[in-house]
Each structure stands twice: as structure tokens, then as C-alpha cells.
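In the two complexes that follow, chain A is the common piece, with chain B as its partner first and chain C second.
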Partner chain A sequence: MKRKLKIYLPFINAGIQEVATYRVNWIFYMLGNALACFVAYFIWAAVYRSGGGGTMSGFSMPQMVVYIVLMFLTGTIIASDGAYVVGEEIRDGAIAMRLIKPVSYNATFLFQELGNKLPTEIAIAVPMIAAVEIIRTVLGGAVQFNITCLLLYILSCVLAYLINFYFNICFGFIAFIIKYLWGANMMKNAVIGFLSGTVIPLSFLPGALEKVFLLLPFASLNYTPVMIYMGKYGGAELLYFLGLQAFWALFFFGLSKLLWRSSVKRLTVQGG
Partner chain B sequence: MKKLKRMYRIHRIFMAQEFKRMMEYKGDFIVGIISFFLVQLSNLLFLWIIFSRVPDLMGWSVNEVIFIYGLSLIPKGIDHFYFDNLWNVGFFIVRKGDFDKYLTRPVNTLFHVLSEKIQIDALGELIMGIALVCVSIPAISADWDVFRVLAMIFMIPFITLIFTGVKTITASVAFWTKRSGNVIYMFYMFSDFAKYPASIYSRVVQNVITYIIPFALTSYYPALFILKGKDPLFNLGMPVLAAVVLMGLGVFVWHRGIRAYESAGS
Partner chain C sequence: MITADKLRKEFKKTVKEPGLKGSIKSLFKPKTEKVTAVRDISFEVAEGEILGFIGPNGAGKSTVIKMLTGILTPTSGSCTINGKNPVKNRKSYVKEIGVVFGQRTQLWWDLPLRETYGVLKEIYEVPDDSYKKRMAFLNEVLELDDFISSPVRTLSLGQRMRADIAASLLHSPKVLFLDEPTIGLDVVVKDNIRRAIEHINSREKTTVILTTHDLADIEQLSKRIVMIDKGSKVFDGTIAALKAEYGQIRELSFETGTPNAVKTLDYTGHFKLGADDLSLEGEGKSVKVRFNSAAVPVSDMLSYTLGKISVSDISVKDADIEEIIRRLYEQGVDG
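So, the complex of A and B:
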């Protein structure tokens, strides 16, 4: 364990330095993404006003505001670049450099990304959680902060990130089939955006469809952590969804290993 | 006149090159179009679910909302199709020093950058936009006349230039900062507000998207005239004015930027 840590810590460090270089760019990028939240807020406000207020599919308007903010936060926390990076390395042959090093390909990558993400995640999560609680207190009229929910949310986000990370690694192998990685990623993001409840809470879907979507790995990405934070899952349900997340994380971890092993044999790197 | 003819000829040569390149990678071409199509499809599913819950959106019927949504995609798609290369300026071309190439050629640099590439992915947005407009129009009971339809077609080049203008201005920032891709991204994301009727937003937001980063002028205001016959002077005049001002400003900032451009040393 200690030896492993010693091997992979430099990768975290490299990741941190990488993100520090492009700080200003990152801020503009996040601001751009935040605009989508504002649009979502206004469209939902209009829907609730037109629908005469009250509750829709288990969400009141204040809860919907919280949902939008948490979706944005969760999406940022669990984001993973893997598909693009792996695809790019397969395409340009840089993957060969990883092969000759005595460290696990996926693990180096995981730690590098963690270094990339951790500082920014903390910088954005703390104020946003505070904002969510202020919104809830003002709109709901009482303090609703629940430390258990927060801790379970963090646990759920860790699982969600692992699912997303390994899923993206698996998806990266699509570079063997599709050369246009940017397009392939766009396609993936569009589908996941819907299936993970980012576009609309899954409870708004027709009953049967909701049940199917909840079983798919994508609901385990954004939807489960957000619902947990909002206190919508309790008792056995909570354990079930956390278990499902763990299952999908393990599933994609295994699949990525399998794909890695079989594709190394297929890999041809040109020139050098 | 002679100059225009020459530009037209250069443009055609570039286009021909682009089509040759695309035919080389037919698979990519389909992946790209489908991906943008899917993005729009997921938004439409959202609208569909919402309208199964409420009869109208603050006075806007489902067909009117779809019309505005579709109309917002058309200029976005055209700009995306023809002028996508501005993103590359913001993300890569300046930073890597590749902009030198444009400076050595005997054509206007902005014209060269704009006409050099086309982005076929945009067809996903464009086809969806045209389809939505065509599907929603017959279902809307407005006083249709030839003039309104012509007004819509007449507006399209101008509202497209609003997109291109904003992108040109923000891409030019790269001449000073080396990299402005995410600046383009942030301002471009304001176009998300154009998807829905601007009357659902708060006053502050409405003023921002009408007068400052005027994406509401690309869909909502023209639609006010096309659907309801309201105030043609403002609803059609403002977008035209904004297009001219933004594109003019874009050309100005671009050429100022070139003076500040220093190639990447290596």
C-alpha cells in the first residue's frame, strides 16, 4: 500500500500543477456551464407558475431549484476526461509510452485526474453546498441541513466518480472504431445527459421508463447522489441504490481491465 | 466588384477542399451529425414531458415554444456550419503560432479564417431547426401572409451574424491572451437563453440578452413579429442593427488584435 502510494503520488502532483496553469480558462468554462443552470431555473419557474404551483412528480419548486444546483455540482465533481484522453492516446500512439512503464495504466490516469480535480472540487463544492443550504433555508423557511445526508452524498459521489471514470476508460476504446472522438463524446454526453437525470428528474418520466432508467448505470452517476443529498432515499432504498452504484463501479472496473488486455494485442502504433 | 469576385472564387476553392476531406472520412461525418441531432432530441424530450404537465408556458403554447426553439437553431446551425474555425483560433491557432500562415497570404485574414473550414456536424442542428419550424407553423393560428414568411427568410442572415459577431470578438481576445476558447464558450452559452421565449426570464436577464449579449434577438424578437405581428420596427430592426454592430465590432477588434499578435517562440 505504502509503496503504491509512493508510485502514484507524483501523478496527483502533476495533475495539480496542470490545472494551476489554466486557472483563468477554467473559470470561464465553469461560468459558461453555470449559464445553463440559470436557463434551467427560469424554465422550471415558468413551468411551476403555469402549473399553478404545488408539487410535480415529488418536486416542489424550491426543491427543483436545489435539484438544479446539486446536479450542476455533482456533474462537476464526477466529471471525467478519460474517454477523450484514452481515445487520443490510442489514436496518436502515445499509449505506447504508458505500456513501457511498470505502473498500471488506469491507475496513473486516475491519480492524475484526481490531482487535476481535487483542488477545484473543494473550491467549488464548499461555496455551492453553502449556497444550497441558504436557498433551502430561505425558500423552505427552516434549516434543513442534514450531516448524514451530506456524508452519504460524498460517499455516493465517490462511487459515481469511479463509475464515470471506468466507464469513460471503456468508452475511450471506441477510438479503435470511430476516429472522430469529439463527435463520439458529444453523442455519449447527449445520451447520458438524459439518462442520468441532468436534463429532467427521472421521476418525471412515465413509471415503467423510470424503473428501467434507474437500473442503468447512468442513473447511478448524477441522479443517485443528488437524491440522497435531498433526503429522497431512506432505509432499504438508500442501501439498495448505494449497492447498485458499487456494482456498476466494479462492473466497469472489470470491463476496463478486460478491454485493456484484449486491445493491447490489437494495438498498432505507427512510426515513432 | 473585382475583389468580391476574387473572394467568391477563393471561397469556392476552400469549400471544394473541405468536401474532399469530408469524403475521406465518411464515418465521422455521420457521427458528427447524429451527435448534434441527439443533443437537440434530448431537449425536445424535455419540452415534451413539460408540456404533458402544463397546458402552456406562461401564455406560450407548445407549438409557439417549438417554433422559437426551432428558429433559434437555424442561425446557430448556419454559423456553426460556415464559421466554426473561430473556435480553433481561440483554442489552438494563436497559441501554437499557426496564425503566421494567415498573415503571409494575400487575402484578408478574417475572411481566410472564416472561409477555410466548414463543419458538417452543424447539419444536425440546422435540419432539426428547419424541421421544427416547418412542423410548428401549420399548427399555430397566426395571420400568415407572404410578408411574414419573407421577413423570416430575410432575417436569417442577420441573426446568423449575431452569432458570428460574438464569436469573432471573443476569438480575437486570443491575440492578446494567447488562448480564448473558453471565453468564446462562455459568451456562446448565452445563446442557450434564446431557446425559450424571453418573457419567462427576469427583467435583468431580459435586458442582458436583448441589449448586451443579444441572443434573444436571434429567435424571440423575430418570432414576436412572425407569430403575433408585433412591432416590426423593433422586432426586425433591432436584430439587423445588432448584427451590423456586432460584426463591425468583430472586424475592428480582430484587426486591432492582429497588431498585438506575436507568434509563439520555439
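So, the complex of A and C:
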């Protein structure tokens, strides 16, 4: 294990340095996300105003604000562009350069991406959590911070990231068949945006549909961590959803191994 | 050391009919055709040998290298290197080899070179003291000092290629694969790189397989060449054997002031040559003659030419690799 860490730690380092090289790109990326967050806020504010300001599907307006901010935070924390990176490497043949190294292909991506993400996570998580707590205190009238919820939220985010990462890797391997992934990626993002509760909370959906969606891996991405932080899950329910997350993480981890083994045979290395 | 047995690689290629209609058609019902990039190539390489792999563009050289390095899975046939199968034991296999693709880099684009080597050191589990010694050695052979602190993306092509070769040698591999290591480089850098490869081969008995378009690479480095064209092996032997067998082609080119110079010069009649031994092309003032110097000595060619017409700016040079391959085909040689 220690040996393995020593091999893959440099990839984290390489990832961090990559971000450091393209700082401005990073700032724009964050600004873009924040803007999307504001748009969501104004839409929901309008919905609640016309609805008379009461509680909708278990969400009061202040809770909805918290939900939006947390969704934004969680989305950023668990983001993975594995599908894009894998697809690109397959398209331009750079994947060959990873194959000639005595390391696991998936693991190098995981650690390089962690390196890419760590600065982001630290820079955004602390102020965002503080912002959420201030909003909750001001709108709710009392301090609602709960350290257990925060710790469980972090655990849930780790699981969610692993699901997202391995799901994306699996998705990226489609590029072995269709060679260029941009279009498929757009479709995937749109579908996930809906199924993961980023667009509307899943509890707004009709009962049967909500149950189905909650079982799907996408609810485990954004929705579960946010609900945990907001204290909506407790006891057996909490354990159930964390277990479901762990199941999906393992599922996609296994699937990615399987897909890798069968698809590497189809590799053609385009160009050069 | 290296055994390739009937290696074969087929690709599926989508064929698009021309024009907009063709594009739409291929969107719904893509037509594919099978392309055979490598056809049943077999060869062996002994330990410590430098093997030159040559052939025109698209001959399948890179595909063979990619199969030998475990990047591509052969459609049929097999290769064994050091007793290992590149695809089946990929991780343990690639620890023993070094690979350089002249047209790609294995270095981290955004990292300073020094850190890239640090990453590679961990990946290949090179101990600290041997890493230090190795770096000092590579530094001496490839002169990395000037740019070792610069990010890889800022390196010039020549620097990058030297850095890439150093990266492939860091873990003292038993086999080194070089796919066009001198592509796009100037004469001085080319020479540096050749000397470095030679040095490492003689010092460490590293087996080297190298593909190139530059005959000088081959002549300086390898005793043996394998030539392939359209996916098949057309020659396997030493350079001396190649030249003895297919004639030493030279190219004589000159500028002439004599009108109708091409008609005045009757090489085939004068030297009684066959059609295979000479070809003549003239465009206005400049004339090119390719001839077999085993059939006609260069000096005879020169004195005959200079005696017949007035000439300025004359030169004689070795024909390039494409020319030899072209002649191989004209003579209908295979296998």
C-alpha cells in the first residue's frame, strides 16, 4: 500500500502543478460555476414568490437557498472530467504514452485529477461552508451547524467522487468505439444534471419516479451528500444511502476494470 | 531476446463516399473496410544488437513497434521479448523496456524536466543512489543541464528529444525502442543523439530497435536492417549485404549549359548497362542520373559526363532509402 502510494503520489503533485500553470483558466471556471449558482437562485426565488412563500416538497425558501449553494459546492467537489480526458487521449493517441509505463491506467488518472482538484477543493470548500452556515443562521434565526453532518458529508463526497470518477472513466472508454466523445459528453452532462438533483431536488418529483431516481447511481452523486449535510437523512436511512453510494462506487470501479481489459484490445492509436 | 512470429495487425477503416451525399450516407450506414497494416512479419533480435527498421511512410513500422511495446494487440501472431508477452504482462514487461516516439512525448507537459524525472524514478522504483548516478551519466551523454529546470512545454524539439531519450533510459532498460528519434532535428543534434545511443548500447548491452527515414542513422548505428513495405518484410540482413545484393546506387546531379544534354549523353550505350542500372531525368538545365556504381565506377561516369558536355555545379551522393526500396520493388524482390 505504501509502495503504491509512493508510485501514485507524484501524479497528485503533477496535477497540482498543472493547475498552478493555468491559474486564469481556473478562476474563470470558478466564476462560471458561481454564475450558474446565482441563476438557479433567482429562478427558485421566483418560484417561491409565486407559490406564496410556504414549504414545497419539504423545502422552505431558506432551505432551498442552502440546497442551491450546497449543490454548487458538491458539484465542484465531486466534478470529474475523466470522460473528456480519456476520450481525448484515445482520440489523439496520447494514451500510448500511459501504456508504456508500469502503472495502472485508471489510477494515474485518479491521482492526477485529485492533484488538479485539491487546490480547488480547499480554496472553495471552507468559504462556501462558512457562507452556508451564515445563510442558515440569518434566514433560520438560529445556529444550525452540526459537526456530525459535516463529517458525514465529507465521507459521502468522497464516495460520490469515486462513483463519478469511475463512471466517467467507463463512459470515456466509449471513445474506443466512437473515437470522438464531445457530443456524447454533452448528452451525458444534461441527463446527469437532471437525474442527480442538480436542476431540481428529487423530492419535487412524483413519488414513484423519486424512488427510482434515488436508486440510480446519479442520485448518489450530488443529491445524497447534500441531503446528508442538510440533516434530511438520519439513522437507518442514512446508513442505507451511504451503503448505496459505496455499492455504486465499487460497481463502477469493477466495470471500469472490465471495460479497460476488453477495450484496450480495440485500441488503434490514431495518428503517428 | 526479441522474437516476433507472424505478427499481423488489421484495422477497420470507415470509408466515406465523396461529397455531402456520401457524408449523410456514412452517418446512417457507415461502410468499413479492412486495412492490413502489418502482414505476418517475423524476425529475431539478439541481445545487445541494434536493429534498424526502415520503410517508406505508412509501411507499418510504427505499428510493429506499437505491438512490440504492448500498446497494440496483434490481430494474430505473437511476439516475445525477454520471455514476456507485451500485452499479457504489460506492467511487468514495460519495466524492462524504454520507449521513445519521436512524434510524441512521454514527459509531463507542464512540469519542469527535473520533476518529470522524479516522477519516473518513483514509477520505476529506482533507488536513490542509482538514480543519482544514472542522472549524472545521462546528463553527461545527453547534456541536459541547460534546460533541466525548464517546463517541458518550453523546450525546443532537439532538447525535448534528448530529454525523452533520457527519460526512457532512466531505469536502465534491457530493450530500447526508438521510433524516429531524429525526426525533424538538425545535423548537430542528430549526431549527438546517435552517439548517445551508440554509447549506451556498447556500455550496457542494451538491445535497440530503431525506426527511421534517415539512412545515416542506420549506417552509423546498426549493422542489421529489416526493411518493410506495405506491411510485409522485404529485406532482412546487414547493410553491406543490402548494398552488395541490390547494387550501390549513386545519384549524380549537375547543371549543364549544353543544349539537349540529355540526348547527347548515352550512358546505357557507352557503358552497356541494363535498364535496372541507370535512370536519367532532366529538367531544363539540371539533370539527375541514378546509376549502379557496382556496374560503372563513379570516376568513369564523371569523366564520361565531363568529356561530353559542359557542366557546372556537379555532385554525387548516395541514393536515399526510398530509392533503394523503389529499386527493390522494380526488381520484383520479396521475402
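Going forward, the second predicted complex is superposed on the first by the 266 of 272 C-alpha atoms of A that agree within 3 Å, B and C clash if a C-alpha of one lies under 4 Å from a C-alpha of the other, contacts with A are read in each partner's own complex, and residues count from 1 in each chain.
The criterion applied here is as follows: contacts are C-beta pairs under 8 Å (C-beta built on N, C-alpha and C of every residue); 3 or more make two chains touch, one makes a residue touch a chain.
In this text, all values refer to a predicted model and were calculated from it rather than measured experimentally.
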{"item": "Touching partner for A:246 - first (chain B), second (chain C), both, neither", "value": "neither"}
{"item": "Partner chain in contact with A:14 - chain B first, chain C second, else both or neither", "value": "second"}
{"item": "Chain B versus chain C as contact partner of A:125, first or second or both or neither", "value": "neither"}
{"item": "Partner contacting more residues of chain A (chain B vs chain C)", "value": "B"}
{"item": "Set intersection of chain A contacts, chain C complex versus chain B complex", "value": "none"}
{"item": "Residue numbers on chain B that touch chain A, as the complex places them", "value": "25, 27-28, 31-32, 34-36, 38-39, 41-43, 45-46, 49-50, 53-58, 121, 179, 181-183, 185-190, 192-193, 195-196, 200-202, 205"}
{"item": "Chain B-facing residues of chain A, complex", "value": "25-26, 28-29, 31-33, 35-36, 38-39, 42-43, 45-47, 49-51, 56, 178-180, 182-184, 186-187, 189-191, 193-194, 199-200, 204-205"}
{"item": "Residues of chain C defined as touching chain A within the complex", "value": "11, 62, 66, 69-73, 90-92, 94-95, 97, 99, 101, 103-106, 108, 110-111, 115, 118-119, 122-125, 151"}
{"item": "Of chain A, residues touching chain C in the complex", "value": "3, 6-7, 9-11, 13-14, 17-18, 21-22, 93-94, 96-97, 99-104, 264-265, 267-269, 272"}
